[in-house]
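Some structures are shown below for you to check.
What follows is subunit A paired twice: with subunit B in the first complex and subunit C in the second.
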Partner chain A sequence: MAGAPPRLGSAPPTAFSPAPSPGVRGQKKRGQDSISSWPLADRVGYLLCWAAGLLLCALAAAIVLVMLVKGISYLRPGLLLEHPSASQSQSGSGGFLDPIEGTLLLTAIGIALAAPIGVAVAVWLSEYRRPAALARAVESGIEMIAGAPSVVLAFFGLLIFARPALAFLSQTSAGGAVYGRSFFAAGAMMSLLALPLVVGATREGLAQIPAHMREASYALGKTRATTIRRVLLPSIRPSIASGTTLGMGRIIGDTAIVVILLGASLHLEGAGGLAGLSTLRGTGSTLTSYVFENSPAGEGNAPEKAYAAAFVLLMMVLALNMVVTRLSSGKPRWMAGLTGPMLWRWMPWTR
Partner chain B sequence: MRRIPSAEGRAELALGAVAVAVLGFVVAMLVTVFVKAWPSFSHNGYIKWFFPGGDVDQQIKAIVNSPPDPAHYVYRLRAWPLLWDTLLTTGIAVVLGLVLSLLSAIFIVEFAPAAMRRILEPVVRLLAAVPSVIFGLIGILLVVPWINQHLISQGRKLSVSYVVQLNGAGLLVASLILMVMILPIMVAITVNALSAVPSSWTEGSAALGVNRWRTMWRVSVRTARPAIIAGAVLATARALGEAIMLALVGGSRTFPVNLLDGRTALFEPVRPLAATIITYKDNLTVVPLSQTLYAMAAVVLVSTAALSLAAWSVKQPLKRYGIRT
Partner chain C sequence: MDPLMPPPPVRKIVVEHEPTIVAPPANGRHAPPPNAPLAPAAARRARRAPAAHVTERMRIESVSLAYGERWVVRDVTLPVRQGEVLALIGASGSGKTTLLRSLNRLTEVTAGATRAGRITLDGQEIDELEVTALRRRISMVFQQPNPFPMSVFENVAYALREERRGRRTSRRARSSRARSSRARSSRGELEPAVVEALQRAGLYEEVKADLNHPALRLSGGQQQRLCIARALAANPEVLLLDEPCSALDPISTATIEELIVSLRESVAIVIVTHNLQQAFRVADHVAFMHLGELVEYGSSVQVFDNPRQQRTRDYISGAFG
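What follows is the complex of A and B.
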C-alpha cells in the first residue's frame, strides 16, 4: 500500500542507516520486541486485533460465498431474459429482465444528472468560492445530502414530483391527481445519492493538482475558466471517474427510493406519448426492489428468485467495485473514495 | 461594481448558480418535509408525539382508517416505541462497531502481514459496497431461521408469548447486521487517521522502548481520537437512516423492546423509524398517514443533521493544540 507510514519495527531510511530493501525480509530485528516479551494485557490486545481482522475477512467471504452458492443454484440464463409476470408459483413468475433494464436505466439517469452538477459544484467550491459564506453554506448543504437517508430523499421526491406543475414527468390519474412516481422522479432523487461522491472525488482531485500547473496556465495568458476546462479538468479525469463509479454503485444498491418513487411495478410500464419519453414517465422496478418484493417481507415471497436477482445485483456491484479499485490504485490514501475529503478534514494534522 | 471579463464572469456565475441551486434544493427539502409533517406534530401536542403511550401498530391502523373528511382525520400517535427501537439498534451497532473497527484498524495499520493488508482493503471495500437489500435478504432467509432454531428455546418463547411472538427476527439480528453495514466506513476512517499520525511520534515512543501495542494504543489511537469519534458519529447517522435491511429483519410488528426481559430482549422484534416509513409506504395516499410518515422522516432528517453538528463539535478540542481545522 503506497504512502502507508513505515512500521514501527522497521527503521526509517536515513542518511546513516540505509533502508533495508523491501525484498530482503530481514525483520529479525524485531526480535528485540517479540510478542512473547509483552505484558499479558498487550498480548491479549494483539490477539484481539488479529481476531478482528480475520473476522472482517470471514464476513466478506461468507457474504460472497452465500450469494455465490445460492445465486448459482437458483440462477438460470432464462431468468435474465424473461419478463416477470404475476403468478402464484415460483416457476410461473418469469424472470427479471425488466428489473435489470430498470436498474440500468435508473443508473444512467442518475449519473447523467449527478456527474455534470457534481463537477460544476466541486469546481465552484474549489476554484472560485466567493462569497466565502455562501461556499460554506453550499458545503454544508452537500454534506446534508450525503447524510440524509434515502428514505427521506424519496419522500421529498414524492412531494416535488406530485405537484401539478410537474405532471408531465409522471402520470396523471383520471381524477387529475399527479402520481409522482416515474423513472424520471426516481432518477432525479438517485442523482442526489451520487452527488456528494462526485463532488468529493472531484474536489479531492482538484486539491491534489500542484499550484504551478495553474500558474503556468495563467502565465500563458489563459483565463481561469479556460484553465479549469483545458488544464484542471482533463488532469483529474480519473478522480471524476472514480467518484462517478462510486455513485453508480450507490444508485444500483439503493432500494428505498425505488420502492417509494418508482412504484415497483413488475414491468416497465410506459405512460403513453413518445416511445422513449413514455418509459421515463412510466413506472418500473429495479433489481433491488425485485429482491425486496420477493423476500419474505415483500408481496412476492419467492426466495429463490430473490436470491438469483440478488446474485446478479451483487455481481454488478462487485464489477463496479473493481473499477473503483483500479481507478484509485496508487492513491496515497487507504480506500480513497470511500472516505471523501469531507471525512479527511477530521485529520487536521495531515495538513 | 467591479467589472470582470465577460467569459470569465459568465463561467463563475453559471457554476455558482448550480451550487446555489443545490443549496436551495436542500433548504426546500428541509422546509417542505417539515411543512408536510406539521399536522402530525401539532395534533399530538408537539412534544407528546415523542412520548410512550399505547400500541403504535393500532394507532397507525386507526390513522389509516380515519374518515375521508379532513375535519375528522385521526392523528393520535405516541412514537416512543419507534424511537426506543431506533436508539437501541443504532446504539448496540455503533458500540460494537466502534470496538471492532478500532481493533481491525490497528491490525491493518500495525500488525497485519503485508499479504493480509493487501487483502483487507478489497475486503472492506466489498463490505461497504454490498447493497442493504442483500444484507436484509441474507438476514431474513439465513440468520433469522438459524437463530429461531438454535438460540431461542421453547421456554423462552412461552415466557413472553402473552405479549409478543419470537421468531428469530429482532433486536439481535438487526443490530448485528447493522453493525456489519456501518463497519466499513468506521474502519476506513480509523485506518486513515491512524496512518496519518506523524511517524516521528510513534518512532519516539518506540525509541523509548515502548512496545508496538502500547505505542499504537497510547500514542496513535489517542492522537486519532477525534477522527475515530467523528467516524462513529457518521456511522451513527448512516445507521439511523437504514430502512430496508431493518424492515426485512426487524420482525413484523412495532414493539418497544423490554430490557427487563433480560436476554429475551435480544430476540424481541424491533421496528425503528426509517423501517416504519418503508413498511407503510403503500398507504401513502391516506393523507393523515402520509403526514405521520413525513413526521417520522423529519425526525430522522433532523437527527442526522444534528449528528453532523455533533461531529463538528467533536473536533473542537483539536484547536487547543493549535491545529488548524
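What follows is the complex of A and C.
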C-alpha cells in the first residue's frame, strides 16, 4: 500500500484501470493467440459480440441523428418561449414554454426531496446499520422502489394524494372531491425514482473511504456525527453530485407520473391563492407528456411539435449524462469543481 | 620518457566557467567518510542525551484483548512514560497495533473487540473518562497519511474545534449570524494554536504560505507531519504512532524520526513499528511482542545488544518475522 494515499475529495475512484506500460503498448505480444486458432463456436460467439456492439452504436447514432434532423428542422427559437395553445393546426398550437417550465419545476421538487433523504438513508445504512434487521429491511425497500414501474408508483400516489387529509397539496372541486394531481404530488413520487440512485451513489462513495480516515477523526476525540458531517460527506461530494444528477435525469425522462399525477394540462394551471404555492398545488405538463400528447398517439397530434420537444428533451438528458460522466471520471477538474460546490450551496447541512 | 612526468591529457576539456563543486555537508550525515568504523550500538545511541525528566503517564496492567473468541493480546503490563519513546516491536499478528489502539479505546470501534485488565492515564482508569475527552488527551497517528479533504489550516483546526453547547451557544445564538458561527470558532481565535501545532510538527515553515491550500496537495511526508500536527493540536499527554513511516520515503522517514525524538520531552510517545532499525533509532524503551505475549521489555540498548530471551534474540537477528 505504499505510494500516494487515495485522493479523497476528488472524483470517486472508478474501476481499477492499470495504465499500460509504455514498452508493451503498440507492439504485438509474442505468443498472443489469433482468432483463426479458436474453435468454431468461439469464433461465432466473438463475431456475435462484435455485431451486437456495432448494432448498439448504430442504434444510438440513429436515435440522435433522426431527432437531430427532425428536431432541428421543426425547432424555432420562438417555440421555447411561447405558451402552448389548443389548436387544430400545427401552426397555431404555439410553443412549449409551459412544458419546459414544468420539467424544470418538477425536477427541482423531486431532487430537493430525494437528495437529502437519499443521503441521510445512505449514511445511516453505511455508518450506523443498527438494528441490523431494520437496515436489511431498508435495503430491500430501496430495491423495491428502484424496481417498481413508475406507472405503479404514480397510481399509488394518486390514491394517497386524493385523500381529504392531503387536500392542501392539490385542488378540491366544488363538490369536495380532492383532485390529487399537482406538482407537489408528482414531485413527491418523482423523488422516489431518484432516491435509489442517490442512495446508491452515496453508499458507493462512503464505501471508498478507508476505515482509517474515520478512525483518524475518532482519534481526535470527534463523535461519529461530527465525523460524518465534517469528514465523510465533504469527501464524497462528487459521488453525491453524480447520484443527484443521475436522479435528475431519471425524473426528466419519466412520463407516467406526469400523465397520472401532474394532470398533463396544456398550461401551468395554478390552484389559486399565493402565487408560488398556487403553481405548486396546480397542474401542468412536462416535455415528456408534451411529446406524448403531440405525437400521433396523443390527442394533440402535432408531430412537428413533438419532434422539436423530443429534441430539446434529448439534449437536456444528454447534457446531464455528460455531467455525470465528467463527475465520475474526474478527468476535467473544472466541472467537478464547478458542480460540486454549486450543488453544495443547496445542501448546507453538509457544512 | 621521464617516468615522473604525468601522462599527457587524452583530451583537453575547455571550461569557460569554473564548475561549482558542492562541499560535502559539515556534519557528514549525507556522505559518511569511507571506511569509517561502524559505531557500536551504545555509542550510536549516546549521541542522543536521554530526556531530563521522565514521568509515568500511563500504565497498562495485565491487559488482554480479544476479537470475539480469538485472543490477540495476553496479559501485557507496560509503563508509558513522558520523556521517552516506547517502541512496540514484533512480527505481524503479534498484537502490537491492537494494544496501541486499546490505549485510546479505538478498539471499541471494532465490533466484537473486548478487553480485560486495567489501563490508567495519570492514575485514572481510561474507561471512566468520557471517550472523546480521552481521545483528545491520547492522540493517534496512523500508518497511511490521512489528512482530511480540507485546507491545511482546517485540518489542524478541526482537532481544536469542539462542538459547543450551553452558555456560549445561547449567548451567540441571539446574534443574526449565529448559525454559521455557532459550531465554529473564528479563525483568528484558533490561529495561534494551529501555528503552534504546525511548528511542533516541524511543518510550519514549509506550509506557512499556503495554509489555505488543500492538504491533499502536500507530499506524503508533509501529509504525515500534518497528521502529527493535527494530533498534537489539542495538546495531548500521549501520542500513539502506528507505523507512521511505513508509507514514506527514507528522507521523510528521517525527518519524522527526528521529530519523534524531539517531541518526547513534551508528550509521552508510543510507536508501533515493523522496522527494527527505526525502533533502535528512536526508542528509549522497547517492548517485544510475539503472538500476543509480551516477551521482553527493557531499554533499547539492552533489548538490542543484550536480549534476555531467546525469542527476542531470534527476532532481532532475523531468524523469523
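Descriptive notes on the structure:
Throughout what follows, the second predicted complex is superposed on the first by the 300 of 351 C-alpha atoms of A that agree within 3 Å, B and C clash if a C-alpha of one lies under 4 Å from a C-alpha of the other, contacts with A are read in each partner's own complex, and residues count from 1 in each chain.
Operating definition for what follows: a contact is a pair of C-beta atoms (placed from the backbone, for glycine too) under 8 Å apart; a residue touches a chain by one contact, two chains touch by 3 or more.
It should be emphasised that the depicted structure is a prediction, and the values quoted were computed from it without experimental measurement.
When both complexes are overlaid on chain A, the residue A:Thr223 reaches subunit B and subunit C alike.
Using the contact criterion defined above for the overlaid structures, shared-chain residue A:Ser235 touches subunit C, although it does not reach subunit B. In the superposed model, A:Glu215 lies in contact with subunit C only, and not with subunit B. Applying the stated contact rule after C-alpha superposition, one finds that A:Val151 touches subunit B and leaves subunit C untouched. Of the residues of subunit A, those at positions 1, 4-5, 7-9, 223 touch subunit B in one of the two structures and subunit C in the other.
Per the touch definition, subunit A reaches subunit B in the complex via residues 1, 4-9, 12, 33, 37-38, 42-43, 45-46, 48-53, 55-57, 59-60, 63-64, 66-67, 117, 120-121, 123-125, 128, 134-135, 137-138, 140-145, 147-153, 155-156, 158-160, 195, 223-225, 228, 249, 252-256, 259-260, 288, 291-292, 295-297, 303, 306-307, 310, 313-314, 317-318, 320-321, 324-325, 333-335, 338-339, 343-351. Looking at the complex, you find that subunit C touches subunit A at residues 104, 106, 109, 131-136, 139-140, 142-146, 148-150, 158-159, 163, 214, 216, 220, 223, 227, 230-231, 234, 240, 246-247.
Note for the complex: subunit B touches subunit A at residues 5, 7-8, 10-12, 14-16, 18-20, 22-23, 25-27, 29, 32-33, 36, 100, 103-104, 106-112, 116-134, 136-138, 140-142, 180, 183-185, 187-189, 191-193, 195-199, 202-203, 206, 211-215, 217, 223-224, 226-227, 230-231, 234, 237-238, 240-244, 247-248, 252, 274, 277-278, 281, 284, 293-294, 297, 300-301, 304-305, 307-308, 311, 315, 318, 323-325. Of all residues in subunit A, those touching subunit C in their complex are 1-5, 7-10, 210, 212-223, 226, 230-231, 234-235.
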